[in-house]
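Each of the two complexes below includes subunit A, the first together with subunit B, the second together with subunit C.
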Partner chain A sequence: MSGIGLLLLRATRASLPAGARCLRTGRPCPAFAKELFMGKIETKDVFPFPEISNEELKEMNQFVGPVEKFFSEEVDSKKIDQDAKIPPETLNGLKNLGLFGMQIPEEYGGLGLSNTMYARLGEIISLDGSIGVTLAAHQAIGLKGILIAGTEEQKEKYLPKLASGEHIAAFCLTEPGSGSDSASIQSRAILSEDGKNFILNGSKIWISNGGIADVFTVFARTEVVDEDGDVKDKITAFIVERAFGGITHGKPEDKLGIRGSNTCEVHFENTQVPIENVVGEVGGGFKVAMNILNSGRFSMGSACAGMIKKLIEMTAEYACTRKQFNKKLSDFELIQEKFALLAQKAYVMESMAYLTAGMMDRPGVPDCSIEAAMVKVFSSEGAWTCVSEALQILGGLGYMKDYPYERYLRDCRILLIFEGTNEILRMYIALTGMQYAGKILTDKIKAIKRGHAGLALEMFWSRFRDSLGRKVDLGLVGKDGVVHSSLQESGKKLEENIYYFGFNVEGLLRRFGKTIVDEQLILKRVADILINLYAMTAVISRASRSISIGLRNHDHEVMLANLFCTEAYFKNNYAITELDKYAPENMDESIKRVAKQVLEKRAYVCSHPLERTF
Partner chain B sequence: MAASGLRALVGVKRVIDYAVKVRVKPDKTGVVTDGVKHSMNPFCEIAVEEAVRLKEKKLVSEVIVVSCGPQQCQETIRTALAMGADRGMHVEIPPKDYENLGPFQVAKILAALAKKEGVNLVLLGKQAIDDDCNQTGQMTAALLDWPQGTFASEVTVDGEHLTVEREIDGGLETVQLKLPAVVTADLRLNEPRYATLPNIMKAKKKKIDVMKASDLGVELTSRVKVLSVEDPPQREAGVKVESVDALVAKLKESGHI
Partner chain C sequence: LSVHLSQQTLADELMPPRLSQSEVELNSNSNSSEDARTKATFQKVVEVFCKRDIRRRGHVEFIYMALKKMPEFGVEKDIAVYNKILDVFPKEIFVARNFIQRMFNHYPRQQECAIELLEQMESYGIMPNNQTKFLLLQIFGIKSHPIRKYQRMMYWFPKFKHVNPYPVPDPLPQDPVDLARHALQRIAANFDARVVVYQLPMTELTEAGKESDYPYIVGIQSPEQRSSLAQHNPDRPVFVEGPFRLWLKKTCVYYYVLRAELLPPELRVGKAIDPERNFYYPMVLDLDLGRDRLDDMEFDTDEVEEGPVFAMCMAGAGDQVTLAKWILGLQETNPILSQTPVVFRLSPGPRELQPITGSDDDGEEEVFENQHWKHEL
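And then the complex of A and B:
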């Protein structure tokens, strides 16, 4: 026992960031996903599937009409892509519609939309990638800092003009030497001698809206004196107006996709920023940046789903009319498979996005950053696959610039890169959960050490029962379960996956201890399982609701949900088995060795197949 | 009567959105409407726009919109309110009666409302894109015994008169009507604005009165019965001909010349 205990302790301590203490200091409203790391499911967070009120629904339907009409009639995506510019009259139309202030509260001239309603409009706005990114850069990140961490004065001063679109916002974090590692930025702000201004210097790259923005949220290093009187470098967030002076920008970058969105370098040279324009606290900028990024990611789910739904309409029309070998394309199973894939992915993305948005809209400050990151990873990769498959349905035509598919493909490639690369987000998803699990396990071990015999017995007992092959029951299925009877099988699969995933996590913590943070191939699998678990939960919850209230075509939903859950279940089982294995068995060792040799040589290592030695 | 005192009643119809591919029900009694996107009839949008523009020019003091149909019609009314109309009226029609609701019944409702509200201008779309009847405006004018200016491509208020430019075959006809009058909008009358989201929010505060046809003393029985609704015949693929002679031969063969 003590051996295991020690190992566990080492592991759990290691998974915490340096300096953190293993004290239980009032849990900050842990959202759903973290519990999965404990092999449990917090059903009340995700069942029933979140709903909006009839009032909101009516209002939403009112909003959808004109926005859809505007995008189908006034937006010429082909031209935007070709000219690499959104025409001013289109931008003005978007401003007039009110799309620049979707989440700004009504008292500041915005629409005050909830996350759910924002996600709904995102489905339409994403139909043009350039516009989608321009609007997101403005409000999902550009002005979000003022919204979530700004003072009343800052809100009053900036939000009304940002809501109307008179001013456009941009978010300036990335620097040439600082991409995913955003804590390493070099821009610096120094307090002026009179203490009234910060003098800002530095260069930012790849700033969306950088050339057209009037208001920037800028992150820069500042000197902060801590309690012990030591001077430390910490990041601070600032609201910087172009009018402050000393701001220049480079020419718009020539990009693969989202070509109509404005992306450029922004330089600050001795820009004077009044101290009132600090967002949040001096030195608290990194947290502000992370909060902004975490709060915006969920909307990628509905945006991608909106795009795929549109692609389904476009390609289905083609598949049902085009004939080859005297048969319609739609009669070929390999084409049918593609439509099943598109429908399934769209369904899963929608379910995840609206579940997450619904959780974020609950009272309190639920921390849904893991959930949002999962939505982002799943939907960006799903979108890439789906657009590629949609293009494939049209074959050669899909490759032509006369058709929009190649543009969609180029546009959606960025989704896997920006707002946190999928690689970084997978590490974030896995490590945040691991850290949480580690903390709880440490607490348990401590209790046992203090002589809490009951707990020790409980842990031992559950392990013993499992060794005998216990039936998993997490309260999802069965008579009192929250899952509808048509989805029982999927519910059972989910329960089983969650349960064994919990074991995985515990085992990994025990096995790797401190070094788990560096085991990226393992963490990737952990993240992938978690994403699948969340996706399964979302579709089961949504389909259960749809049947219960008798939504139109709910039987189709059940089919999609069961289809996805079965696929995900097998994938999870594979990953869970791999996680149980040690490196030589699961190929990780070979993968790393191959990469090492290639990278040492900085080239392909093998001899040419035509080469001879004799 | 001062022109600024004009009050306009605008009819708006909720129809299947123009971009939707309409499907006929298997039993041929009509088209599938369940779960299909609906929006305001485009010609009604033009009528609303015209009324709102007249109001912005201070020629009209109040714009009242009315829609007859199921509960969802209130969404259409809300759109009109967001475009700038002042208040709405929803004449709720039970689903059973709605199936048989034709131009005559709607005209009776509109005429009754025009009298009840004491309006002096009824603005309608020239026709709805679902049934393409093009009768409601004319019938309403007849029931009210008011002059009518149909297919309007320009409307000017001139004291107690309206000057209406009408789109007719091969040109334009300009007529002068003595108010009160009924005007129906054609495509080129104006380009309707978008109901912007902030205006939709503001329109939430505007009032919609709900009433039944019987409250207006209107009887809804119809003398028209729909026998069958069918898809247009599928267009068959054409053939390419090599020469003019071959073309003429083909045309003769098919009895076209």
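And then the complex of A and C:
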């Protein structure tokens, strides 16, 4: 059936009017998230909620059907988890559906999906964590290097086979040492004497698909002569085929979750890599790696949402049939609360994911890396809470290996760790914004510090007005507003949060300047607020659109949106208060000291409660 | 019989002179029973005193004398012995019976004597136990001065018991190698630092019949020190310096360090962070804004910069030959040392200190001269 499926998909694509999705040139879109740091909101980026055309929608639904069918009928997740291996039939099925080349352009034999459509398919693929990770390692990072930085020859040579799934790709960056520190990369590529080949040596660890891949994107140190004539070690990206020889891999790692995905060490020993296989420039590997990592994250939002939607179905079934004390489980308010949480989280994740995907699909080369990182952080953490809550609904049943729930729990734990841990991404989110705001505000802050009377007075005046209960108006609500009036309250809350957030960012820059890089507790809060702001924007935008065009059950959406916005508003207010140095809520100093003492002793410090001195 | 006799003499020695004038003369003979100065004899003496006279005449003098003699018998840190001495007081007669007695100093000499006893306990850091409390209650009754003293001690002692964040083991290890290991770990204050025993102490008889000593050598080095030594420019010499003193309770030990001079300012490389260091987030912000003065919580201090210390050791002897063996041992883990000139900058140190700190035992000084650890009583 699958082969036919693929043919069907290709046929539908061919029937599309030419140029339906080819309008991607022109202005780069200004990043929405960065403007939030200035206390402003770029409404035209996020309102209205991005849409796809009717043709695209129809086409997508034709994609979705067979994939959904395949996943419900032919994927045995339990067996994959137990055997720690995806059976070849399943892999073949995936290949036939074209799922190995979702984002590879059609001229190279891929499906050429837009980010939005990729996100949509991600919802289904995520129903099995192992398959999701295998596919993501293949195309979200493994072959992304060729896609975004490869030459025409490289694309022609590699992409067709990768798209068909004949070859599987892997991304080899992490080495023993640490994952995010480029200084830990010890692999080395030396130019051979004839200058035609690089000779690659080194070991990589925890490589997804490492044991089954045929094409690797490998990062290694090379010697580069810079402008001053100094020889420097710089990182270069290479496309390495297994056929080049000298590649061995360790046995698959035994993991907590996503057990079916293949993760192992990969060793390169005197592997000859032709110089044509350098991705980007020699010595330009750092940028390539960063771009790949930044672009691969947004799809996690829809994947998590897909998983939670499935979980809601499964747990609701249980809650509505199981009886306790002659009452259905679903009649207990504490159980109802959990379902409200699941629905709310799924709604927010979905909104964020598709807003980001829509922004990325805009013409030009929009830089949505902060937004993508925010989606990743929010959805991975949301998924973990939701799965845990779902397990709670099921009680002891959820804990049993006979049911799939514990597998979901194990599988989704990795989401908080890979593709940049959430801690690291929070630093990225906060620091990138701080850098942007800092550049703009430097002159103003300097002037204030020098004692510019006018500016100081202006600042004092605005603070004074705020203390009198100023109404923040950023143009979201009201007569010319973009927010539907049912969401007016949420819109106002968002505006207020954004305004005071911008105000606090300025304060932080005045206080810490560039040394803010070391204030991780503050940066974490900044990132958390920003994530909430983006999530609020996404749900308000989506719900406004749903009401306006009259989608089914839009009243439910409005409730979810208002629910989330109110919660997030108070969380933001709290976090903003915590940013204040003298606020009683700010416990940073104590936190740091406790941690310091524990780490000095490398143990729990307190005496045992039964201990006595006399 | 002879044991009994010596106990008797000791008891006499402790007797207040006013009581048994004639027996005091025996004091001069007491040297004969020097070896019997133990806890058991001390306790026996106290018992003998208690049994001798039902009225316990002269018990205040006896207690003062006993307190004075405690260190000689090595029982100054024994709570049981203090309780035993306290037990000498006759019970119940000193307890105040009415408010007037309670108001004034009832039996002042006895109360002062008991306070003296508690004060001696305090200065040796001995915490009173329940038996002390019961004895004091029995002897002086509640609200007496000794009980007040006891209560104050019980208020402060537990609070101060663990006040030292870096406690020294009690008792200290007797083996010099163990002691050195402990002392080095204490100075290094680094969990990752590894202690290596380069040489165990031993004596070897050579063919010529001469004894040759191999003093112990114990060294410590942390991974950070190893990597900073690896980055050291081998053209610049490293120095072995010492001995430096470290006191552990009443024991003094000496250690040596391997260090380098501070690089002259023109050779120091600035540690700029490579902008391509972190794949995920910027490590430095490109901003022309510093930290605000009000948020700069650092104290304005003048710091004297010193050269790096690469390793430390303790050795049974402070001569260059022994320390060279340490450097040789270090070379196994730090290959760069074999290319780096090592200069020994040893001060005469402990040899000259010896006569001042431990001059009372002439016979032992010879032994101590070559041993860089020493236990003072």
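Convention: the second predicted complex is superposed on the first by the 549 of 614 C-alpha atoms of A that agree within 3 Å, B and C clash if a C-alpha of one lies under 4 Å from a C-alpha of the other, contacts with A are read in each partner's own complex, and residues count from 1 in each chain.
Basically, a contact is a pair of C-beta atoms (placed from the backbone, for glycine too) under 8 Å apart; a residue touches a chain by one contact, two chains touch by 3 or more.
Just so we're clear, the structure is a prediction, and the values are computed from it rather than from any experiment.
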item: Which of subunit B and subunit C A:366 touches, first, second, both or neither; value: neither
item: Partner chain(s) touched by A:111 [first = subunit B, second = subunit C, both, neither]; value: first
item: Touched partner set for A:180, first subunit B, second subunit C, both or neither; value: second
item: Which partner, subunit B or subunit C, touches more subunit A residues; value: C
item: Touched partner set for A:72, first subunit B, second subunit C, both or neither; value: first
item: Which of subunit B and subunit C A:58 touches, first, second, both or neither; value: first
item: Which superposed partner A:129 touches (first subunit B, second subunit C, both, neither); value: neither
item: A:296 touches, of subunit B and subunit C: first, second, both or neither?; value: neither
item: Residues of subunit A that lie at the interface with subunit B and also at the interface with subunit C; value: none
item: Contact footprint of subunit C on subunit A as seen in their complex; value: 173, 179-183, 234-235, 286, 289-290, 293, 420, 424-425, 427-428, 431-432, 434-435, 438-439, 442, 445-446, 449, 509-517, 581, 602, 607, 613-614
item: In the complex, subunit C residues that touch subunit A; value: 127, 129, 154, 157-158, 161-162, 191, 274, 276-292, 294-295
item: Parts of subunit B lying in touch with subunit A, wherever the complex brings them together; value: 19, 34-35, 39, 75, 78-79, 82, 194-198, 200-201, 204
item: Parts of subunit A lying in touch with subunit B, wherever the complex brings them together; value: 58-59, 61-63, 65-67, 69-70, 72, 93, 96-99, 102, 106, 109, 111, 552-553
